[in-house]
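Read through the structure below, which is laid out as structure tokens, and then see the notes.
Letters A, B, C and D name the chains as they come in the text, with residue numbers starting at 1 for each one.
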Amino acid sequence: MENNRFLEIKGLNVSFYTQKGVVPAVRELDLWINKGETLALVGESGCGKSVTASAIMRLVPAPPGKIESGEILLDGKDLLRLTEKEMQSIRGDRISMIFQEPMTSLNPVFRIGEQIAEVFITHYSMDKKEALAKAVEMLDMVKIPAPEKRVRDYPHQLSGGMRQRVMIAMALSSPNPGLMIADEPTTALDVTIQAQILDLMRELQKSIQMSLLLITHDMGVVAEMANRVAVMYAGRKVEAGDVYDIFENPMHPYTVGLLNSMPSNEKYRHAGRLEAIEGNVPNLLEIGSGCPFESRCRYAKPVCREKFPDVKEAGNGHSVWCHFAGDIKFI
Amino acid sequence: MNPIKIFKAGNDAESRAAESIWYENWLLLKKNRSAMFGLYIIIFFLFLAVFASIVAPFDPYLQNIDLRKMTYFSWPYILGTDDFGRDILSRIIYGSRISLVIGFFAVSISLVFGSLIGLISGFYGGWFDRIAMRVIDIMLAFPYILLTIVIVALLGPTLLNAMIAIGIARLPQYTRIMRASVLAEKEAEYVEAERSLGVGNMELMFMSILPNCLAPIIVQATLGVGSAIIESAALSFLGLGAQPPTPEWGLMIASAREFVSNAWWIVTFPGIAIVLVVLGFNLLGDGIRDVLDPRLKD
Amino acid sequence: MYRFILKRLGLLIPTLLGVITLVFFMLALSPGEPARVILGERANKEAVEKMNAELGLDKPMHVQYVIYLKKVVQLDFGKSIKTGQSVIDEIKARFPATIELAIFSMILASVLGIFVGVISATKRYSFWDYASMFGALFGVSMPVFWLGLVLIIIFSVNLNLLPTGGRMDIRYYFTPITNFYILDGIIHIFKTGDPKVLGSALTHLILPAVTLGTIPLAIIARITRSSMLEVLKQDYIKTARATGMSERKVIFKYALRNALLPVITVIGLQFGMLLAGAILTETIFAWPGIGKWLYHAIESRDFPAVQGGIIVISTCFVVINLFVDLLYSVINPKIRTE
Amino acid sequence: MEKILEVKNLKKHFEIKKEGMRSSGYHILKAVDGVSFDVYKGETLGIVGESGCGKSTLGKTLLNLQRKTEGEVIFEGKDISSLSDREMKAYRRRMQMIFQDPFSSLNPRKKISYLLTQPMRVNGLDKEFDLDERVDMLLDVVGLDRRYRNRYPHQFSGGQRQRIGIARALSLRPEFIVCDEAVSALDVSVQAQILNLLMDLQQKYGFTYVFIAHDLAVVELISDRIIVMYLGRIVEEASKAELIGSRLHPYTKALFEAFPDINPRNKREKKIVVGDVPSPINPPQGCHFNPRCPNAMPRCREEYPPLKEIAPGHKVSCWLYG
């Protein structure tokens, strides 16, 4: 099992040094992704999921951001120890990334063909003509109609869904794509377009055996896409496991609350009120050493404020970080 | 029905109570060292201007007949004397009065009228907007230095006219900035929200939108004081502003032109005074922009 | 495309008409009679009236306006009161000097300004960034006329390296062909093999060009920096980095092309401003261009000359800005393809 | 049931200036293009659709925040869409809106107490109420601490700001409230709180809601009846139970199928609609959905189908049903 891991993160800590103080964006994060699987990283805004993605790519804006400690292992190599040059050869080749806003993540003054071709030129020293031919192939692969014509378009001439397809094409422009990090890839899209993009991603993943790190806040998207799930809250991983375990037997009160808050949850179809989590996401600046969910948790006890809990295992790789997981039934 | 829970207020509820955006911005500005440095320079010159009669060692008009010649660094004339034997330091100190007054006055003209036109133009649109923009376009078709010179040439070369000319020539910039931010602000949801609550046009325009449009105008005005000071000096240098023997910085430089080859200090020191005070306004203006313009924030 | 250009050109006409109208009425309504300027303060009433009739000033204002407008359209700005020469001829004779000065200042300002701005933005918070941005701030805080004088004190008076004014050493007799002395100097080399004329033209050009170019340089550097910083924060830069592109390519290929769009507008605006800024620089350096000439015209209340000069400079300003506007539209794919 | 609002053939068209080099003049954007429906007292009418379907414009036109191009909006027997600003003022109090973006819908430079009292002041209610007391009451109602009254909007989280927005809408004691994407900018856990709050308030004060959202699950949860819009027109209208039981219009079906299920064992089968949402500036000829519709017939490309009542209260605009 171990050697099947494509990427493994150990003890990652990322902070942001702002004028108001040091924000611990990610704390003691362990995470791994197996070859060919989809891991969903779920959480609400500010939980550190996007920062984790940037950290894997080593693209955390610095300053103010800083990767404090930890290891990010790709085939046994620690990415955090590579030189910038070595890292550049991995970005876009072994690991690639797509972003939330298809409207702004493509360069407005270059044709989309040129932008895709750039990846081939960068990593495979192709000449421009060859690379452009490759770009047409890639557009065809992500099912953009009339790709020979489309390569000559500028981003603003495409719809949001089409642009996200171009982003995917760029991310896959490598003979050997290993991991695609998708940071809220469908949040900005309409639901019918979202379905198309998710389908495309699933299909491509199957055909080229690539791993997918899917970052999202939408539990519906998680249910549809993920093999495994990691739930983050305020910079901490609070629960992780198989997608069925997480949805059918959530063990952390936050995961339970998140599922209960979903209006599409069958439970509430005709019942009216939602079982909401009270309160607001805490300010990361004011978080202590305890469990970050303590301030909103209706089961919290004094110990929760003092100490972040140790891991509890429930079998099948289902882990949870809660002092009372398994002891109390959270509803 | 379920009771609605009341969230516990943090113990910071009162302590943070009065932090308006203006106050928070001021706190940020205070942390900006170069902006504060600029502010200190301005305060220093304001001090000189207000207490010129106490601070200046000599009467700026007093011609020292005994010296006759231009002297350099000789006690008690720290910065030397000019061709009439007048103390340069004292003239510079008195000159700060003129420059600051011109700077503030000229900017007030363009600030008040320019913003008002921009506000009404942007808010109401329609025929007023079309006419105002047409006129502004024509004014902007002149490089403003030229426009200033023309206006002052027409009104006659006096200090007051120089102020008015600078104020008028710079007015279109304020109108444009104000109009642009009003147009942007009008799109904000809170304007629609307040309209839906029955808030009338006047209250919307002056009480809601205007305060939110002030940021770029304040930046422009701060930088504008600096450029107004330079421009008034330039007008005086060309003989279109202050007239001799007024201790005006630009005029001092102009009258020293013929001595560049043997009395560099007469030219240099008034110029340094201009650079310093303008630098002060530019530093402060840049600092304010950094604080107020969220696009440049990290 | 052509329709677009024609449309923009069409917008130019009302603006220029406004400029001419404004200039005419401002001067026509201003105090001071041209006749008195010509004849002197002591001239008797009949002589003044006769002169007014000669200048067409006895007609009603709107008639004068229509006459003036008709003449301006034919590029006739009347005769200079002071010299009696045709205004347009005087402008033509002096314009190359100003254009030459402005072009050199602008090249200096744009090339250096963009370079400094890009480096500052990419090495943000470094010593270089602080130093160059403080320098730029210093640049925009300086009065042009003072800078010119200080440069003269340093380089002409003390170091005796460069001339204090003029366009050409009076020792060289040569007949200007184009009136752009740098060009003429080059032609002179081809004709006679003598590089001295070109050398002299260049040495005369340095100080005025530096003086005139300093403020635009500072402004362009500051704009380039902030525009670059803005672009570097965009998502597509993150995308570019995520594809493993080298940082140099990210900055000079992907970011710069976007960052230059607003800079181009500023360069155009500054170029127009230079023509007006030349009034001060040319006065200081005795540069025989349109700025110095206009200054003397204002000083002596030579109305036809002032009107002509202002209209010509403003027209250039407007046309340059239009040109830049078009350039911007051509470079920006969003406008080009829509 | 008693009608509170009647919308008849409402249209809202915008002129969009063309900016490019190759063209000039104006496009006509038909944001809302002939929409008719009724709203009954005390119910929640959900309006759902994707971007560009005109649902937000519809909401604003209902409240006369944007002037209609054509049609009528009859509120309690009076066509308010033709009223002048002054005449409208009397109705403003009774019809309120809750906005989408909790960050831009509150004036950043005003204290909460000002934001809450301003509507009462401009509507002359300050003679009726003790404003201070009223602010306390409103904060209580939406579940915020009374001491927050002296704070500024930027000191609150998104959910708290949305509560302030709700309190402000309530300050005038309205009967009819349009919620325009009122929860879509919020995190899931906070969204649930606000939905609960809205439902509780309705129970307590008997409000009528028009609830506009792109999130099907949210609309389904809160609404009694649902209208589905596509490119400026209503394609289907039915009670919630009816719509969940039998969706008729192919677009409605596609929308529901595309929505991800929360049960990981129900992975969606691939039956999604193809293609992009066309631009509302130049919608397809005939039925606007025909290029993406799996059931498209020749007729669909020529004629726009009328909105027809198929079952009691269930209307659909599709040639498959008539």
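Observations
One rule holds for everything that comes next: a contact is a pair of C-beta atoms (placed from the backbone, for glycine too) under 8 Å apart; a residue touches a chain by one contact, two chains touch by 3 or more.
Here the structure is a predicted model, which means the values were calculated and not measured.
The chain occupying the central position, as judged from C-alpha centroids, is B. A count of contacting C-beta pairs for B-C and for A-C identifies B-C as the more extensively joined pair.
Chain C has its Cα centroid 25 Å from the Cα centroid of chain B.
One inter-chain figure worth recording: chain C and chain D are separated by 55 Å, centre to centre, where each centre is the mean of the chain's CA atoms. The distance from the centre of chain A to the centre of chain C, with each centre set as the mean of the Cα atoms, comes to 54 Å. If each chain is reduced to the centroid of its CA atoms, chain A and chain B end up 49 Å from each other. Along chain A, residues 63, 273, 278, 280 each make contact with two or more other chains. Chain B has residues 2, 5, 7 in contact with two or more other chains. Multi-chain contact residues of chain D (touching two or more other chains) are listed as 160, 196. Here chain D touches chain B in the complex through residues 60, 63, 65, 89, 92-93, 96-97, 99-101, 104-111, 118-119, 122-123, 140-145, 147-148, 150-152, 154-155, 160, 165, 168-169, 171-172, 196-197, 200, 203-204, going by the rule given at the top. Taken in their complex, chain C has these residues touching chain A: 125, 234-236, 238-247, 249, 254, 257-258, 261, 331-334, 337-338. Against chain D, in their complex, chain B makes its touches with residues 1-2, 4-9, 13-14, 16-22, 24, 188-190, 192-200, 203, 208, 211-212. Partner chain A is touched in their complex by these residues of chain D: 50-51, 157, 159-160, 187-193, 195-196, 199, 214-218, 220-222, 244, 254-255, 257-268, 270, 272-274, 276-277. By the touch criterion given at the top, residues 57, 59, 63, 84, 88-93, 96-97, 99, 101, 104-110, 118-119, 122-123, 154, 156-157, 167, 170, 173 of chain A touch chain C in their complex.
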